[in-house]
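Residue numbering begins at 1 within each chain, and the chains themselves are lettered A, B, C and D in the order written.
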Amino acid sequence: MAESAVSASQGGALTESLTFPQCLLAHARMRPEAPAMREKYLGIWQTTTWSALSTMVLQMAAGLAARGLKRGDHIALIGDNRPRLYASMIAAQCLGAIPVPMYQDAVAAEMVYVFRDASIRIAVVENQEQTDKVLEIREQCPQLSDIIYDDDRGLRNYQQSGIESIDALLEAGALYEQAHPGKVRQAIDEGGFHDDCAMFYTSGTTGNPKGVVHTHASLILPSRTVSQQEGLGPQDEVLAYLPMAWIGQNIFSYAQWLINGFTINMPESQETVMIDMREVGPTYYFAPPRVLEALLTTVTIRMEDASPGKRSLFKHYMALAKRIGGRILDGDPTVSFSERLQYQLGDWLIYGPLRNALGMSRIKLAYTAGEAIGPDLFSFYRSLGINLKQLYGSTETAVWVCVQPDGHVRADTVGKPVPGVEVRIRDNGEIVVRSPGLLREYYKNPQATAEVRDAEGWYHTGDAGYFDQEGHLRIIDRAKDVGQLANGAMFAPKYIENKLKFFPFIKEAVAFGQGKSEVCCFVNIDFEACGNWAERRNLPYAGYNDLAAKAEVYDLIQDCVNQTNADLALDPKLADSQISRFLILHKELDPDDDELTRTRKVRRGFIAQKYEVLLEAMFSGKDSQYVETQVKFEDGRTGAVSATLRIANAKRQQGLAKAA
Amino acid sequence: MLYRENGQFKTSYQADQQIFPIAQDRYLILALIAAAAIVVPFIASEYVFRALLIPFLILSLAALGLNILVGYCGQISLGTGGFMAVGAYAAYNLLVRIEGMPAVVAILLGGVFAMAFGVVFGIPSLRIKGLYLAVATLAAQFFCDWAFLRIKWLTNDSASGSVSVPELMVFGWNVDTPIDKYLFCLGFVVIFALLAKNLVRGHTGREWMAIRDMDVAAALIGIRPVYAKLTAFAVSSFIVGVAGALWGFVHLGSWEPAAFNITRSFDLLFMVIIGGLGSIMGSFFGAAFIVIVPIVLDNLPNWFGIPIDTALASHLTFMIFGALIVFFLIVEPHGLARLWSVGKEKLRLWPFPH
Amino acid sequence: MGPFLETLIGGLMTGMLYSLVALGFVLIFKASGVFNFAQGAMVLFAALAMARFAEWIPALLGIEHKVLVNLMAFILAMGVMIMLAWVVERFVLGKLVNQEGVTLLMATLGITYFMDGFGQTVFGSDIYKIDVGLPKEPMFLLEDVFQGGILVNQEELSAAIIAAALVALLAAFFQYTGTGRALRAVADDHQAAQSIGIPLERIWVIVWSVAGFVALVAGIIWGSKLGVQFSLSQVALKALPVVILGGLTSVPGAIVGGLIIGVGEKLSEVYIGPMLGGGIEIWFAYALALLFLLVRPQGLYGEKIIDRV
Amino acid sequence: MSRRSIGEVMLDVKNISLSFGGVKALTDISFNVREHEIRAIIGPNGAGKSSMLNCINGVYTPQQGSITFRGKTFDHMNSREVAEMGIARTFQNLALFKGMNVIDNIMSGRNLKMKTNIFQQALRIGAAEREEQAHREVVERIIDFLEIQAWRKTPVARLPYGLQKRVDLGRALAMEPQVLLLDEPMAGMNIEEKQDMCRFVLDVNDQFGTTIVLIEHDMGVVMDISDRVVVLDYGKKIGDGTPDEVRSNEEVISAYLGTSH
């Protein structure tokens, strides 16, 4: 089987049905000296070759076996992207155990549920901070026997039992290997393609998180198809900088890594990601819209204080790029020669340097997904000549449902179904998917599983959308959120919120109107953007809620809302759901206060009840309302903030609907 | 703007600590050297070699040496001319007195003599600081002026007091045409620049800079001021001495003590200040500046066809020169090298502001 | 014995002149922390101005009265020096406040070049005479004590006396005038001086003017001795060892240092010189100062530096 | 977490008196420092704290008294020897090498351990290159320890004050000292910076077992982290003991009345 793997692997990417550990061994055989991962550590990019990695993994697996980890056990991974955490993930899979990556910024309390639900046996953590968290919840999780840490800073003198460093684990592994030679290898060979291989907890917008169980097959098959379609291979470079707990990170930097045998690069620390990105210059890149947003904001801000000459140059060429950049990238033949010439010049003067500054010079393929992306934001990167594409998917579908094919990329669609994936729209507008990448089940939750997967194996995404003329999928909103106004007109809050969030000054928005006669919404200003805006108008402000309450800021936001209304008015379906009133919240919506999910999706229901007073005030047409709210601070303490918020009216467009 | 650094990540300290970590810089410098060695000989005129390139190269070398002392170790010296003289005369004597002494060896040994001389006059720096030291180094200058004028033995008892080198044979290569001389100097300069760079980025260099920046703290981390300062004086005056020998042998051919008088010392100091203290690159900028400006100023009137008598011209040159120096000190106290590095940073960050 | 005393006295008298030039350095260094390498150029410049004005005034105004001419020339030359002081403060020092010593030293080198060029462009570069009527013929002292007595050059003597007088004057100026006290305050601590409302700019102009004045007097004396020519600017180099010997910040230091160097170099020239082929006084002065510094790094009267961490 | 066990007396200062031209800076000061302990010297401004350190590492030469380190007794110290004996020092008002970047500043703390001669360095082949790399790695570990990775190649002059303090500490750590003298490591810092610095000091003491003598103004900090405290006032010792003992010492209280933090 191993041999066939070698023979079958043209250009190095694996095409056989191998489990992840088997992939690793195959690469270790095929390209022992090629770099598997690099980590910026002690100032240089420390490289781990495939052979070194497999050695480490095998020994680590032996160590875990020595600690009694068995097929089907669950093991938690908590921490930043670190080579030895990745290694431990494969190691666990070697033994047929199931790794459960978790968000490193989750507070101890949130972890308890997952630890109990998945009955975690062993936790592999990055450092002292995570160790302390796990120790905190230890009593509540009886099955948890071992805590294994990577970085021993500050941990040397921990006396508690059941805590050891990965180094210790590796030593234990060496001994175990002597005692039971070949045991680990055997376990790897026994591993089946359709065995469970990982579990991801979806921070459901309501209720407890659910454990999404994936098999090697479900993670590998669609990822492999896409890899072939997009021409990924061993030569590619990826920057692993997003949380391991998030399915996307696992697809792009784990599944596709072990399939294609490319190199993943791990940043030195959260603060240095930008620098490290510049150095590595990934060829295959993924970023959720908010990251791209942040990047664009920094670009704009830094250009603000550039010399006037440079600024006008920048403006001129960005305008040019906006006009033709995207079309050139799509290979549009109608772009005139002189325009191409100008673009070339611009590429030399602005685009090239900018790509270099952003660390995107070498990008061949970049994806964005997770939430809807603003058209301006999206086209900005494409106009620079960066092949940024959207895709559609979820944890349950192992990401790959739709991908925008090269040359047919538009801001408002998510592209066409990936080969091997069937997509249908039900009568109620909900999107349903059948794919080899579907989850096997929700862990210990058959009824939830049944809810989302019907008899014919269709997975109900819960998203509402439709295919346009070219067969590109268009997402409107969560199906269940698509509601009706009192007059029966369609009301798609997420759609409205996204339109608002596309304005740089608006960080979050929450729209309400279900069953009501009109639409009102909460707004969170983007502190950085508004702050800069205020400073440029030398408008003094004390802090977030002071700025948020400024009349000038209200006017600023009001313009955004009015524009959104104008937009909505153009779409006959949505014309009625224009915003009539809004207010700017006095605090930022925060995952720690359960107002957002860890992936920063708004939890509308929760917010609705938390801020009931405000809602009533808005719908009853008051022009201001006093409110007091509980907040949780980083250190876990709680306190209260109170404010009297102004409620502003927005301008609704009339009659345009017919015109459109 | 021209930089594309994505993918230039370093996987070893060796790669990270090389002289030009950025690929584009490496290519540029290699291209420059190649051009200097291959292209220039074909295009430059004899005048350009004699009046510009050769003096530029040799003075760069001298400035480099001085920069190590002043720029890296923070010890001011106004006696550089003297050290050059020692190098030149020592080399001369070795050449004429020892049968079959190879020129290159003579030149290098000249440097060694200058080094010894430099160390002796460096000893005061252990007690004296700053401006006091600056003035003290003048002693070296005037002693040399005197010695090479009055002590006949040093000038091989030549009647005129001026000495002249026969022909310059380097391992069978007769260095006589301007091109030969140019290439000969170029070789020296490139090699010495490399060695000097290695020194200043090694721990000796760090000791020098530590002494320069904060001598008390330096002492407390175990750096011996004596050692640091004297090595600086030694290395500096060795290089300066070699430059002096080249100046005599290659550029002048025959010379008098006046060739290394105090004005030379000042010029060299200007070079390192204008070029940039504590920068190897700066030494070259400074030398170029000091060599080119006077020539330009001399010729400017003729280019505009204004008749002007030489005396007046030289006076004007003096004025403008002085003004330029002051101007530079006010506008860019850290010298041309700083302008260079800032420009480079701008290019790297482009289109973002610096 | 006689010859020795002769040399000694000669030395003392030249020393007095060195002190005069050195004084220029000290004044400026005290007040603005600038090691003014241009002092020599200033001497030359002042002398040139004086000499040329003394020629032009009769030519233009037809005034023949020698004393009057010299007086007018002197006043004009002084005016020029004051303007110069203003220019230096306005365009150079004013722009270089809080730079390190080296930078300032370099700046004054720049000024030197500029003034050498400028002076010779404006006033010409030949050798000019200054005649302020210093007695030229030698005189003999103590003829009854020694056979042949001691020959003393009257010119040098009178020069020395003038110098001494000037030095005394300046000392007094520093002690007793408000400006003098202000100067001392500035010398001690710039910030403090400013904070109690002493205008640095004005102080600097004054100091440079005073230095200019000193330079002028020195220039006249040396000029009438050796004639006004480029080499005059080299007297500064002779005065440097005086400064470091005496200590950069001390007026008395300048005086004592001057005398020591003057005597030292004359004696060395006469008694050691011949053995070494003569012409040694220039470097001998430095060697002397250097050796002395090794014993007392801050010079005779300079303040001791304590390293604080 | 448990701290290293405190050992024997390693540094013993006996009857030190120091004066500058009649001005008495220190009068008959005696105290000792034990292996692995954190020893604080506190006192109002001008109490002679810095002068004390300056005597220990040989910047000043006391007129009377002796200093005993690991059994060797000196009547005055020589900076070089002090460094070689393994006593490192940070400075009250930063004494970094302004012209160098972070790496070079910390690297300069390794100079005692670098052995290649000047010729090898000039050629920079073999030994010299290997040496540079080996020590660079040590320096990088310190940079990692002090969490200043993002600034490793920034000229120190451009760093904010708090970070410069860290680099200063880094340079001292690079000497792998047995005793670390910290001169007001937290002066002029904000709360977070102070917390960080405390963490670093404790970690150093904890992980490398380094003995620490620190001068500090912030009483809170001192009382939290130090094992024993010496109190100076006008160059005289007015108290010595555990934080609690010192806190209850009459003289100390009176000296600190009003001035205490």
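Please note the rule applied: a residue touches a chain if its C-beta (ideal position, glycine included) is under 8 Å from a C-beta of that chain, and two chains touch if they have at least 3 such contacts.
Please read all numbers here as calculations on a predicted model, not as lab measurements.
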> Where are there more C-beta contacts: A-B or B-C?
Replying inline: B-C
> Hey, which chain ends up farthest from chain D, C-alpha centres compared?
Replying inline: C
> Just how far, in Å, is the C-alpha centre of chain B from the one of chain A?
Replying inline: 58
>> Taking the mean of the C-alpha atoms as each chain's centre, how many Å separate chain C from chain D?
In response: 49
>> Rounded to a whole Å, what is the gap between the Cα centroids of chain B and chain C?
In response: 33
> What is the distance, in whole Å, between the centres of chain B and chain D, each centre taken as the mean of its C-alpha atoms?
Replying inline: 41
>> Counting only residues that touch at least two other chains, what does the list for chain C look like?
In response: 307, 309
> chain A: which residues touch two or more other chains?
Replying inline: 43-44
> When you check chain D against every other chain, which residues touch at least two of them?
Replying inline: 59, 91, 95, 136-137
> Given the complex with chain D, which residues does chain A contribute to the contact?
Replying inline: 41-44, 153-154, 156-159, 268-269, 271-272, 275
> Touching chain B in the complex: which residues of chain D?
Replying inline: 57-59, 79-80, 82-84, 88-89, 91, 95-100, 104, 107-112, 114, 116, 118, 121-124, 128-129, 131-133, 135-137, 171-172, 175
>> For the complex, give me every residue of chain B touching chain A.
In response: 1, 3-13, 15-16, 349-353
>> Give the list of chain C residues in touch with chain B in this complex.
In response: 35, 91-92, 95-96, 99, 101-103, 105-107, 109-118, 120-121, 125, 237, 240-241, 243-244, 248, 276-280, 282-283, 286-287, 289-290, 293-294, 297-299, 305, 307, 309
> Tell me, which parts of chain B touch chain C in their complex?
Replying inline: 70, 76, 124, 127-132, 134-136, 138-139, 142-143, 145-146, 149-151, 215-217, 220, 262, 266, 269-270, 273, 311-312, 315-326, 329-330, 333
